[in-house]
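See structure below.
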């Protein structure tokens, strides 16, 4: 986070839509999780008590497209609990995680069937009539978003309510969010709002920062996240990578070194065969 | 889509091969009937929009117009659709005879008649017209009612009116007490 | 309800959720608002973003605390000391004594200047009890709490009423027996040091809270309090709430935008179910249920006992007789006291807890349960299930097969073989119920707002609305009693029960019911415009006078209105009374009728129009000028001066000292919870409430004070993800997966002591029973230092039970039957227990 | 009750929040790991074998003389046979096998899997034609029929040249495919995996060919030639294995040092080194011993190829589950 390059910058198209998830307003109610399951008719999954604070969801998955993380940081290192709190959710962090709808999306570039597309809203959607469940998008996502469903064998993730957007409706999660911790809108407008909010929080002494610009979260060729976040702790605390990289940045270099290796091996083989020829001539 | 464009779409230059289903995607509440409801859970009183198609509820979400919730809902409110369509919801009358170890399914009409008979029996057996001091009390302690905070005002009114005003049942209580 | 009612006149929340956004400081105490009212909490967040301070006083660091500026961890059951100390701090603060606003408000809008009877003795003088205490009966004779001054009988009444009281006053507030001085003396020992010793709250932290509240109260600023059942569910719950009302009166925060006291209710229409009460001691509109005493023998006796000469309740006969007309119609005539004799007379306590014991003792033989789950939600749940098993018949109406319906084969004691279904005689009917979206009707929300919900679809299968069930049950019973001339038969035959039915299932027409509730002229059925049109001569009928006018003479149901705006949203739904949103809003203007400040204006007197105007419907006679002075023989509201904002009160004033209306004293006093690990530092001789109703019986054992076998304090609560006893959430997969199992929250300190790791199974035990749960070891719970020793607090959500998807030990298995004397509400927020690592083995019981 | 999630909590549920876990989220994985298991491991091994064999066959055809005919013949047959199960394994691995043809909707230059599909098709085509040509040459198609006549018309050298590209591609693209994911172990070694797989492909193919060529005298020269290739490829493989091990570092490299995957990796290293060592030993041994040592060496090289793919694939699973590795990678990568 020391680098200031790319702070507050995104390569999102002017017409792109996305989410701003402001953790400082989140009350961890999980309305987003349920509203998402309701609209998208996703079944209950991974049922069980985890003991991880109030998080019994655990992770984003094929049938969980919003996940609220709970991080308790009540006491200091000596175990003393403070009474005076930093303004806005400083001691019990809650973050509603979601697909980031990357400006350059690893899952989409990886998809060998063209099932994953960028929509007219600049969101990233897995077309369910195309996906054949190859599963390559799953490890290709630097954020752990898409997952294969054992129910239908296909990959699933947040669609940013593509069907609702088509009818001019707000996505289910941001609509439901009681405290407007999740806001939906044009990425650039949301980004301006987020920057103002971060500045406001910093003025109040809160260590707030933006996650999802080209300096943090949207790094390494990702070009920014269309669903971005305001955090008050290092991203790792929320299980978010600080400076992820677009995996496809490694495709061309990988092929180049492979080609080089192929060349070397080819020459070596030819030489080996030539030597056989010569050896027997001699 | 022209053939060149289509090819471009499919050879990874503009990797956006949109499918038929995607082109036809739309919200399932398009063209649905909408009624205005109130969330049945807590007392904040969030307004809900209930979308129906062919007599079936297809979606329940918050009502933007409400000065209380402004379109939002909490997880319980957001789960109202599943409360209605819960796979565990009971839709038949169940009857358990005294000392029996099993439920039996019974017609609603039968249950209603049987309950009315039981009310009359118990009431007649326990009705007190005058108490030991001779005061007119017109009450029965033999029957009680619990519940009401999750019902409608009109239903509570009918309960109070019939049970207390009409049957002399005084032990009528709801969750406000606990 | 009595907590607010006794001091302000009505039990309802004085303000609205939306008004919180106008607050400068919000104190959330006795409530976990963000978790239990998430959507309501958005107004707190809004206020917070506008710069308001948010203080959360609560034993646990909860999701509410996470968004607060200050979290004040407090020992459960010590809230009254905290509030009393705030009162003391405020009264002795420089700001309160220097800013003219406070004095002006208190002098004009409260009974501070009234002289209290010289016979009155405070708890400070009598070692923990007020004068008039009868230790044998464990109750008070409140005669000595009266005002000094005469009571004068009124003459020429068509219906009798109580005499008019004309108390002495001292406007200088110096008289040693004026209410103000009595209050000040009473709380003198409630110091920051006492708070530290009793509540476990460091004194500096307390001072910070007090200073914040003080700095944010006054002419230009307002502080609001939000509370919920964590205040109510104590043996002194009413007094805790009443202490808050006292504090808010002293701070001038009642009746003003961004001020007030917001009671946060837990069910969709829990407010409505007290307004139109399915409660044993009330009739609709807070009319008292007549008792089997000579003072209530006839309607005239009833009025002579219950009806005051002054204030709005003077109109009681109009409300009562209209109710009798609504219920008994043509059978209610002037000759038969409008059918008053048909009304059953109550002879004791038939509150929820008593009903459980009456069932267990075989007095109650048949039970209806509609949308409630006493097998899980009932205190001493084991006793509750034994009570169910002792019934002749039981009718359960719900959407899921809740524990109350399945106890006879699925309860822990049946599963472990202690009881066999073959031994349980109860004849059980389970009838599937309809959900709000499947029926027409209204809910009344936490701030008294009545909203109509439309029926979107017909309920599926055999599911029916409660209206359907009750209506058709009544219809069948009327048929069964058609020829019956006995008193029992006459009672049911007199009842009007002729609602038209609609739809394929023959549902009663809810609009017809609504019209009856709202009131109509008996002769032609025209709806009345409001309770002012009700008459005491049988010419009007009205099912609930505070809802009068909800259906307009034009036939429009005001609860169906859906036009909101950014301020009071007067055209969204209908708020009782008379669509007023902030109650006692006359107090938002100064005695002369001008707004206290531009920032906090709400309603004010417009001398040109000669009426009260503003953003809200005035909770005051609309044309009564601020300088109105009542003539000596005036009655009802006319007896209140133009400065008296509290229209329901005898004198129109907020009561700092409560001469009548509370059973446990005129002033809030700290008593320890019934079960407590520590002595009462204030009143060692009187540690617990002297008048709390107790249920001394072998199946409801209590722990002694400081019982070493039960050293921990336990508090019970709810989670965002579930609803009450779980009937509407534990069976719903999307909710069940979010909180799939019962757990107890314990501090790392206690966990270390007992060798408990996060996620371990633990058993919580009391003398009543045991509950098994998973341990959630969290720093959000902390041990408190109380009276020099460490007290461990554990928390347990009470949603869980043995049915549905999300299961867990029943917290109410541990709770005990003991009540607040005023509200008859039990004490679930603080009692003692022990906890151990391990599992509840099959059949293991104490 | 539907049981669904595709990952498991690495830590036992309910472990308390400790200072140690504060900088991660209860030790849960940051990313979702791949679902690839044995079918993919076998596909990787067989693909390498097929690609390597095709390379050897083509090289032998292009630069070898008559002595190299056996290499061409056996190499072409082996390339085709090793390739055959490939598409089957891939289709079996799909969540929706009946939709395998959706892979043919697009060509995506940044998706190694998409390229892989087309590469596999290209390989199949050249391998099949080479097979036909070889079969015709060997008289397996008969003499007078149309197919045989057409097959014999195929330009052999051009075919050999053309098959080189898909052969190398098939042998190496799987490494690039793994490298283009967020799995830290793979991503960190994105530049090395392709070359490593290529070396392993060639060494295993050479080993397989040398085994198949047998100990007959008429194939001795051919065998010597492929064994020479095998040794060279093994040298490259050993160097790249060390580069992967050292380049991964202690955190990201943990799966290569611990557990079953770590064991497999160690086995792969040992096999490669052992094979090379045995080959060298064979050079200075008596003839009879040398033959036995070479046999064992080739078997080791083949086994090593299998262990290598297993360790990399399953090590990737472990790596994806380890938040420390992900954070190590995403902190350091810029």
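Every chain is named by a letter (A, B, C and D) in the order it is written, and numbering of its residues begins at 1.
Operating definition for what follows: contacts are C-beta pairs under 8 Å (C-beta built on N, C-alpha and C of every residue); 3 or more make two chains touch, one makes a residue touch a chain.
None of the values given here were measured: they were computed from a predicted structure.
*Asks:* Which chain has its C-alpha centroid farthest away from the centroid of chain B?
*Replies:* Looking at centroid distances, D is the chain farthest away.
*Asks:* Of the chain pairs A-C and A-D, which one is connected by the greater count of C-beta contacts?
*Replies:* Top pair by contacting C-beta pairs is A-D.
*Asks:* Going by C-alpha centres, which chain is most central here?
*Replies:* Of all chains shown, the one whose C-alpha centre lies nearest the global C-alpha mean is B.
*Asks:* Report the inter-centroid distance (CA atoms only) between chain A and chain C in whole Å.
*Replies:* That pair's centroid distance is 46 Å.
*Asks:* Using mean CA coordinates as chain centres, what's the gap between chain A and chain D in Å?
*Replies:* 31
*Asks:* What whole-number Å value describes the gap between the mean CA coordinates of chain A and chain B?
*Replies:* The mean C-alpha positions of chain A and chain B differ by 38 Å.
*Asks:* CA centre of chain B versus CA centre of chain C: separation in Å?
*Replies:* Once rounded, the distance between the two centres reads 24 Å.
*Asks:* For chain C, write out the residues touching at least two other chains, lowest number first.
*Replies:* Residues 38-39, 42, 720-721, 733-735, 738, 748, 758-759, 774, 805 of chain C each touch two or more of the other chains.
*Asks:* Which chain D residues reach two or more other chains?
*Replies:* 1, 13-17, 105-106, 108, 110-111, 114 - these are the residues of chain D that touch more than one other chain.
*Asks:* Specify, in ascending order, the residues of chain B that touch 2 or more different other chains.
*Replies:* In chain B, residues 10, 15, 17, 60, 69, 72-79, 82 touch at least two other chains, as defined above.
*Asks:* Which stretch or stretches of chain B touch chain D in the complex?
*Replies:* 9-12, 15, 17
*Asks:* Which residues of chain A touch chain D once you look at their complex with the stated criterion?
*Replies:* Of all residues in chain A, those touching chain D are 3, 43-53, 58-59, 61-64, 69, 71-73, 77, 106, 109-115, 130-136, 138-155, 219-220, 234, 236-245, 247-248, 250-251, 253-255, 257-262, 264-266, 268-270, 272-277, 280.
*Asks:* Would you tell me which residues of chain B are touching chain C in their complex?
*Replies:* 33, 35-48, 50, 52, 55-57, 60, 65-70, 72-80, 82-84, 86-103, 108, 111-120, 122-127, 129, 131, 133, 135-178
*Asks:* If you look only at chain D, which of its residues touch chain B in the complex?
*Replies:* 105-111, 114
*Asks:* In the complex formed with chain A, which residues of chain C make contact?
*Replies:* My answer: residues 34-35, 38-39, 41-42, 45, 48, 61, 63-73, 202, 205, 208, 719-721, 733-741, 743, 748, 758-759, 774, 776, 778-780, 782, 805.
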